Structures are given as structure tokens and as C-alpha cells.
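Structure below; questions to follow.
Order as written gives the chain letters A, B, C and D; numbering starts at 1 within each chain.
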Amino acid sequence: MRSFEVKHRTTVDDIRALRLITAIKTPYLPDGRFDLEAYDRLMHMQIAGGAEGVIVGGTTGEGHLMSWDEHIMLIGHTVNCFGSKIKVIGNTGSNSTGEAVHATEQGFAVGMHAALHINPYYGKTSIQGLIAHFDAVMLMGPTVVYNVPSRTGQDIPPPVINALAINPNLAGVKECMGNERIKGYTDKGVVTWSGNDDECHDARWMYGATGVISVTSNLIPGLMHSLMFEGENAVLRDKVMPLMKWLFVEPNPIGLNTALAQLGVIRPVFRLPYYPLPHEMRIEFVRIVKELGRENFVGQREVEVLNDDDFIIVGRY
Amino acid sequence: MRSFEVKHRTTVDDIRALRLITAIKTPYLPDGRFDLEAYDRLMHMQIAGGAEGVIVGGTTGEGHLMSWDEHIMLIGHTVNCFGSKIKVIGNTGSNSTGEAVHATEQGFAVGMHAALHINPYYGKTSIQGLIAHFDAVMLMGPTVVYNVPSRTGQDIPPPVINALAINPNLAGVKECMGNERIKGYTDKGVVTWSGNDDECHDARWMYGATGVISVTSNLIPGLMHSLMFEGENAVLRDKVMPLMKWLFVEPNPIGLNTALAQLGVIRPVFRLPYYPLPHEMRIEFVRIVKELGRENFVGQREVEVLNDDDFIIVGRY
Amino acid sequence: MRSFEVKHRTTVDDIRALRLITAIKTPYLPDGRFDLEAYDRLMHMQIAGGAEGVIVGGTTGEGHLMSWDEHIMLIGHTVNCFGSKIKVIGNTGSNSTGEAVHATEQGFAVGMHAALHINPYYGKTSIQGLIAHFDAVMLMGPTVVYNVPSRTGQDIPPPVINALAINPNLAGVKECMGNERIKGYTDKGVVTWSGNDDECHDARWMYGATGVISVTSNLIPGLMHSLMFEGENAVLRDKVMPLMKWLFVEPNPIGLNTALAQLGVIRPVFRLPYYPLPHEMRIEFVRIVKELGRENFVGQREVEVLNDDDFIIVGRY
Amino acid sequence: MRSFEVKHRTTVDDIRALRLITAIKTPYLPDGRFDLEAYDRLMHMQIAGGAEGVIVGGTTGEGHLMSWDEHIMLIGHTVNCFGSKIKVIGNTGSNSTGEAVHATEQGFAVGMHAALHINPYYGKTSIQGLIAHFDAVMLMGPTVVYNVPSRTGQDIPPPVINALAINPNLAGVKECMGNERIKGYTDKGVVTWSGNDDECHDARWMYGATGVISVTSNLIPGLMHSLMFEGENAVLRDKVMPLMKWLFVEPNPIGLNTALAQLGVIRPVFRLPYYPLPHEMRIEFVRIVKELGRENFVGQREVEVLNDDDFIIVGRY
């Protein structure tokens, strides 16, 4: 099931050229459904801030908390509204090959420009299984392979990436295993994005990375754009480091969700199992914003410290 | 859950102005999945033939044989590829209000220009229930209400339509109860499309109908365009009548599916419970095509009589 | 996908012997989810009242307002809790052959004793399509075919039933087209249940019907049992007729839902598009209960007239 | 949504008493659907071999490759057919709290005796999030919490288990973090099952574990029963060790699937991303079977070395 008609069809090389890709947050209404108006505002902020691509329904966007119909709808929505201005990379990966194949077909059918594919987390598999899984999903269009062993429980080792690199649909790798690993790929001409915000400056300027797939850029797209486009800048890198450390004190997107709510750009609604950062961390965030400068962050409202009972925690969604 | 960002956002008046809307066929691959390449070709033929809108996943498009994720995907796909050239009306109706609400939200989120809504077929309900059902689904955007008692088992009587006409989202009515019923609505200013191809010429030129939502236009879009745009023309009306009679000798889309397969524009694949017309009717179709002129039909291949074993009948899909 | 292990496996002849089958109501919690505690109570009332079988998720049970996972879960639940005391007939029919095949496999896998299958309503099909549809779903176990043209828009004519009667899985027919039609089948040895409560006494005693698949027995199982088991009884028939007329003044299960709520055995929660009967009809119900005798109805609470704002109408479920 | 009617309702103490629980394999037909006949045979072998409980749709049973309707159906099926002879523990856990809540409600509704719950793998969360997740799913009945950081990417640390131990629904913990961790729990009275077959003998007899939730018992239920019931037996432990090492040379259930196919008790069908062990490992398995004694393994056919093209690998399921 494929189509050659989709708008803004994107070549693998177009994807390879992207330097700043944001793993966009999915905001919610108080009953746990998507808040598309807030989502659209976040998308505008990313475009204004210089992001060239978004990951829709990544781990940051809580794709693992979506039904597939929600997920494909959100990809289709993003393409429809913003696809002429920014590249839309749908996270249609899954630890079920069957689901990944189906979702990837659907995602390309609604116009996504590329797919993000994870190795089978939790279930895991053998090297042969890994390759068979990626072969099954990479048929359909430009693909970014995502390696994050701290989540998946299983590293995608370099020989697997090297085997996949023969496939013309491989746009590149989102790599979280550090800059030495990245260098190994970029030395061989495999396009690589850092998946660790705190390492991305060095990855870009010292280890050959093309850019970053970023969480932090949800908050400070302009500064992340500077980091990726304006040359080596250790001062800026060090300046944003406290924010990055804060963001990842608990598993992502807990910090991000808390931050965006305090910046007033999303409603303070969490789908479980995510839970807001504690009060002292929320105070700390306001301090960090003031230090970095409110104007560098998305949104116009004054940053505020939310109270425990400002948050809505949704268990049935 | 709504968005104000969708491309080619369409006003209710834009929908009201459409004269030729095709209830587009959904073609299948041999394993029963959608054949998007064939679908895209059918869409191009409609645009070339002058159709101004399509119903995606209507009864003709076999929406009732789709899972909702397939259905919303197909709407999103159509918007993405053809939404700047033709209006996309998604059939997000259901006899379950819950499903209709959910699907309509999703359909508008992926950019459909209007929704088609049926009354609750099979389950049926009271007049109060009918109005509550339509009220629940008409909140979200321009809406065409569809009345076809021969399928639903329940007429939507004029008082219900009159009650719904207060809602600014009511674009109009697709009416299959005949031209007197249509006249009753058009006299009051309610936009109405004929849902019966064999009555649509008269509906348009003698009873005030705005146009037609057509099955036949899948086959002869140009002639249907003439019927709707070029003034009263009893000669043309009578000339296409044998084709229309042939098309509806069995419940739609049985005739249409058979015809498109014989014209070589789709694969001869049926999802059950649909089943090809018998051989003598297939011979008759070729005769009708020759009489009306092959050049008036979609596709370029020679029309042929398919054999029983040319057809693939799929029960698990 | 089949199993020979299921408990209380039931032969086609066991199904053919049932005289009183209740199309059981599905009750809801205020948020629209199933109220299983109330459901279990209703099931106990049916068993105590003499019902020998239940249809789970029929039109009365609002199967068309369920997701398939809810529907199969409810069948599995009923089998688990009550399958040793009453026959569980799952309505795994659909106008989509694909969905009907999948649901029927699942229903038998969780232990249902027989399947109820409707012809493809709304979509409709040809005679060949009808037979192909039923052939696809009747492979899996004992099957009751259901004919109700006032809902489906298409009669299943006697030649189709006669063709299906060759299939050893055909347990019989639930027929709503009247007692002459029933007689035609029973004369030929096809087991038939009346699908019209008001005609079932005559069907049973004068036209050869085996029994009834009843809505009214949700309310007065004992009296319906008498009607089906204790010989011709025109007095009793006429005595319950006003209740039956009342129940069907609007499309079923609107009357039934209203009645059970007023009897205090379910919460007054409606899934749209169903809507409570108006106040004057609710008063009328109390009068009917008093005339027939509260003790003949399910539940122990005093029957009451509910107010408009006692009812909860759920649109998203 | 709950019911007090389910058959063979099981107390938390009944679950706590189980010593040998098998994480049962799900076998497939060549098109990737479930092979229920083979499944039923496997279940009989487990009952005959002395297993007291099964995990349905665990990681071994490839629950992560099932749609939820398949998963709940399989739980309902197992309860219906075998629930009077063996305890049925449904793996209704998920990294989505919403899905876990829904599935757990449904699993208990169809009669499962207990739920297995994993912490949110891949997505991960904070300690507060972990506790909120477990609180949301443990309301509904007896619960086994499963800790396997090598799959989930996140350890459930002892303070979380200690917090959950207050909940009367906590039956116990399936722990893969080793026998010292197990001892810490059992010293405090928290029932614990070893999740590592190679450590389970020592866990049971030296560290206080109640028993094992086993993969190996799919193959040699009788020997695993001896290990758990017949006292310390280092000889037997060491004798089965080579089989256990072989089984886990690649991520489970790759070895198990290969083994069961070679024993002739399931068809050699794999759902991707699982892929058969290579030929030399398949030869090695036959050697191990002969050494341990064919009679100790499930099935009666001679064990054979399958060839590469004997296996069917299914990507769309």
C-alpha cells in the first residue's frame, strides 16, 4: 500500500540535511484527549525558532501512550497544517513488527516525510531479528533509526547500522550512545544526530554529527538553533547545560511537561505514568528561566511555579 | 479537540456551492488492503472529469468495511494529495454516536473539508435521539446530512432537517427520497443534493437541487458534469439512463466495482459481502460502454468482459 | 483459529431446543462504561425467570454501540459467570464480513455456545453476496440467522434460508417477517424463533415456531416463560400485549432502557443515539406495571417515574 | 467496571501459594493468527506436568506482539477451557497506564485469576510515577509485579515494592534482579518468584522464594516441578543448566520457539521480530534433549533438526 502522490515528498537527502529536529511535545485537554490548539501553537513556536523538522509521537511526544489511530491522526494533522514549512518525521516504530509495518504504511500515506524506527524494546531480539525487523519497515520511505539502550534494554551495535546503511532509505541514525559511537558512523559517512542534548554541541562540532534530535528545543528553539548552526560555542553550550541537566533529572518527558506547563504554553495535564516534578524542582525551573532569560523560551506569559493541585493527572485515556 | 490551522479550510458556503460530488470507490490489492496507487489514479480522473468534491469512505467507497484507522488514514491521504484541487468530504458517520464523534474529530483534524453524516442505521432511534445524535456530531465543522431509508431502515423526516437547519454547520442534505422531498427543502433554502443518479438531472433543473452526490460519476465524470452544469438536457439524461439502471440492478457498489474492474482502472478485488455481477450482466456492461462511447468513461484500456475466475473475493481483511 | 476444548460445548441440537431466549440489555455506569454488577444481576434474574439462553450484544444489548473488544469481553464474561446455567449466544454479526469472521472466531474461542448472524445491513448486497457472507461466518459453530428487514433494509428471502439450511451449523432463524413466513420454515423443518414479541405466542402455538428471542423477557421473564411453555393461552397473551405495544412505541431498546431504569435494576444511563421515552410514556409504564403486577417484573424496588434530569446521556463512550 | 460473579475466583493467598508458574508460549498458524489447537495441547502438557499457573501473553507468550483484543480473547479462552485446573494470570501490563487499566478490567471481567504488571518499560517514569501507575492497576484484583530491568530499562527498587506491599492485592513479585534482592523481599514476608530459571533452584531453597515463573517449564514441566517441590537438589539443578543456558543464548522466546518447533508440538511459525536460532544451535538442542532424555520433554514426536526453510516468518500479523 503506497502512493506516489503525497505532497512535499521528501528525498532521503532532504532528511539527511536537517540539523535541528525537535521531538515535539503532545499537549492534552483536561480529559486526556489531545489539545490540538495548544499543539498548533507549539508547532508555530518551533517553526519560528528555527527547527527544521519534528518527531511526532516520539518518546518525548508520548507516542507510547497513544492509540495508533490517535498517532496516525496526529501525523496527518501535522503534515496538513505545517508540512510545507517543516519536515514531519513520524515515530511509527514499535516493538511489534506487525504494528510498525502497518503504522509506517499509514504514516507515509498521510504524507509524513520520514519515519523514525526504534529497535524492538522490551521484547528484544537477536541480531538477525533486528535486521529482519528493520528490513520490514524500511521499505516504505526515508527512515531514521533510533538507538537508545537505556530505554530499549538492547543496544543496536555498529555492525547492524552498517548492514542497514546499504538500504537507500536509511537517512541516518539518532544515536544516544555517546560521541565516540557517533564519530564511528560519521567517519564512514552515515548521517548521525545526537540524541543527547547535553552532548549535541560537541557531537556537531567535534564528532561529525549532522545535528540533534532535541527535547530541549521544545523550550529554547532559538538557542538550540544557534548551537547547531553558528559554529563551536562552548560558552553557549555551558550556559544551557543547567537547563538540560534539570530537564533530565527524571525520565523525559517529565521535566519537559512540567516546564511547558509553567511557561503557560500547555495545560498542566499529565497522562500517567508521567507525573509532575516535585515543588522544589519547579521552583528551580523558574530560577533557570530567569538566568537564561525568559525571552529565550517559548511563550509570552510570565513563568510561574505551579502548585500540586494545579496539575491534572489522567489515568484513563 | 479541534484545530484552526488546517489547510484549505472550507466554509459551509463553499460546500453548498458544489454541484458534482463523487462518492469515490476504494480499490483493493489482492490481499484486501487498499490499493492507493489505483485510488490516486481514480482521484486524478475525477479531477480531470470535473468533479468538485468527493465522499471518502461513503457506502460506495465501502466505509462500512473499513477499520476506523484505515478510514481516517484514507481521508488524510486524500486531503494531503488532492485537497487543493477538490473538496474532501469524509464519511465519518456511524450508527454509534460515540464512534461518529471520535471519527469526525479525527477527520477534521487531518484536514477534511466537510463531514457526511448518516442517521443511526440498523440501531435506529427516536426523533429526539436523531436530533441529539446530529447535534453531537455537527459541532465540528461543515456537515452534509444523508438520508437513505432503503439502507438505514428509518427516514429522516423533514421536521428533523428543518430543526437541524438552524445549525450554521449544516451545509445541506443528500436526499434519496425523491424530487418532491427535495423540492420541499430547496423551497425553504436548504441546500440539497440528489442521492439518486437517475433522478439527479430533474432534481437539478426542475426541483431546485444544487447538484448530485453521484456513483455514476466514478465512471463518466464528464457526462455527469454536463448534466449538472450545462442546463436541462433530456436527451443526455435519457442516454445515460441505461448505464444508471445497470449500475443499480444490485445494491451499490456491486455494479460499480464490476464496471471499474472491466474498464481496467482497478484490480478485480472484492471485499465480502460484495460479489461481482454475473457474467451476463458483465457482457451487458460492455455493450453499454460501446453504446455510450468508451471515450466517455474513465481509463484508456479497452473494456473487457472478465471471467468468474478473474475476480478475487476477500473475506478476511 | 479454533479450539475443541471450550467448556459446555453445545451442539446445534441443544440450541435448536431453546424456547425462551432473552436479548439481554447491557447496562452502563455514568461514564458510559459497562456496569457489570448490574449486568450480573440482570443475568441472575433471567436464569431465575426461566430464560434458557441470552443474546449478548444484540440490537437490544446495543452491540452496535460497542467496540469489538468490549463486545468479545462481554461474551467471555457471560460464559465465564453463567455459561453452565444458560446458553450464551453472541451477536458476532456485522455488515462487514471481515469483522464478522474475526469476531465469530473470537466469540467461539472464549466459549460462546452459538453465534447470531445478521445479513449485511446498510451496505446490503446481492443474493450471491448474502450466501457468501453467511458461508464465511457459519464455519465456526452453531449459528442463528437473524432477519429483520425493518432494520437492515434488506429481507433475507426464503430461498437464501433454504440454501443455508444445508449447512449443519444452522441452528435456526430468528424471523421478524411474520408468522406466515415462520410457518413456511417450520413446515420444512427449519427451526425458527419469533423476533416479534407481540406475535410470539401465536408463532409458537399456531405456526410451528420453537420459541422466541425476546426483548420483553428482560422485564417479565416468568410470564414469557409461561407463554412459551404452558400451552396456548390467549388470555395471558392479551394481558401482556399493552406492555409489548408500549415497549416498541419507539425503536427498541429505548422503551426497554427506560423501563429497566424505572424498575430500579439499572442506572438511568443512555449511550447516544438512544434517548429516554418522554415523561408521559414513563407515567404510562408505571400504570402498566401496576396493572400486570409488580411481582411479575424483575427487581424488588418500587417502580417509579423518573424525571428528565435523572437520566444521564453519554455521547463519548 | 467489575464483577463479583466470575468463576473460580481466586484469593490473593491462592496466588501466593503457587510454586510453579509457566510463562506459556503462544503458537501460530502459518498466516500468523493464533493456533488455538496447539495452544490447548500445550496447556494440557503443562497441567499434566504439574504447573499450577500460567502467565498468558507474557513476554514469553509474546503479548507485546498481540492486539489487545487477541490478548483478552486468549485470556478468556484459557480461563474457559482450563481455569478449573490451573491458575490463569493475564499479563495485562503495559507501559501505557491507560491501556493497562483497560486491559486489566477486561481481563478480570473474563475471569483471569490474577494480573501480571510490569513497570512502564521504554517510556519509563519517576518513582512517583511508578507508584501512581501501579496504584491505578492494582485496584482490580490479585496482582503480581514484574521486575526485569534488562528489558524495561528501569529497575523497580525495593522501596517501591515495599510501598506497594501495603496494598492487599499485591500477591507478590516476579524478580529478575538476583537472589540477594529476592532474599530482601522474602525476609520481609513479600512473596517472590524467581524470574530467572537458572537461579530458581537456589532462590527457592536458599533465598526464600516461593517458586518460579518459568520459561523452561514450557519444555520440561516435570523436571521444573521436581526442582520446586522436591527439596534441594543440586544434581538436578546442574543437569538442566545446559538447557537453560541454551534457551537464553538469544533474547527469550527465540530459543523456546525454536525448541518447541523442533519437538514437534508447535508449527515452526515466528512473528517478527523473532527469528529462529541458527542451524548449529538447532543441532545443539537435539543433543541436549537426548542427554536430558526425550521423555522429560513435552510432546511425543522424535526431536528433529529443522532446516532454515522449514520456518515461516510472518511480518504482517
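Just so we're on the same page, a contact is a pair of C-beta atoms (placed from the backbone, for glycine too) under 8 Å apart; a residue touches a chain by one contact, two chains touch by 3 or more.
What you see is a predicted model; the values in this text were computed from it and never measured.
S.K.: Spelling it out: a chain qualifies if it touches subunit C and also touches subunit D; which chains qualify?
M.R.: Output, common partners of subunit C and subunit D: nil, no chain qualifies.
S.K.: Counting shared numbers against all numbers at the contact of subunit A and subunit B, is it over half, same, or under half, different?
M.R.: Because over half of the interface numbers appear in both copies, subunit B and subunit A meet with the same residues.
S.K.: Mind checking the centre-to-centre distance between subunit A and subunit D? Centres are C-alpha means, answer in whole Å.
M.R.: 33
S.K.: What whole-Å value do you get for the distance between subunit B and subunit D if each is reduced to the mean of its CA atoms?
M.R.: Whole-Å distance between the two chain centres: 50.
S.K.: Rounded to the nearest whole Å, what is the centre-to-centre distance of subunit A and subunit B, using the mean of the C-alpha atoms as each centre?
M.R.: Comparing mean C-alpha positions, subunit B is 39 Å from subunit A.
S.K.: Which positions in subunit D are in touch with at least two other chains?
M.R.: In subunit D, no residue touches at least two other chains, as defined above.
S.K.: Looking at which chains touch, is this a line, ring, star, complete or other?
M.R.: ring
S.K.: Output every touching chain pair, sorted by label.
M.R.: All touching pairs, sorted by chain label, are A-B, A-D, B-C, C-D.
S.K.: Can you tell me which positions in subunit C touch subunit D when the two form their complex?
M.R.: Per the stated touch rule, the residues are 1-7, 29, 33-37, 39-40, 43, 68-70, 72-74, 76-77, 79-83, 106, 109-111.
S.K.: Residues of subunit A touching subunit D in their complex?
M.R.: Interface residues on subunit A, with respect to subunit D: 32, 59, 62, 64-65, 95-98, 101-102, 120-126, 128-130, 132-133, 136, 149-154, 250-251, 254, 271-275, 277-278, 313-317.
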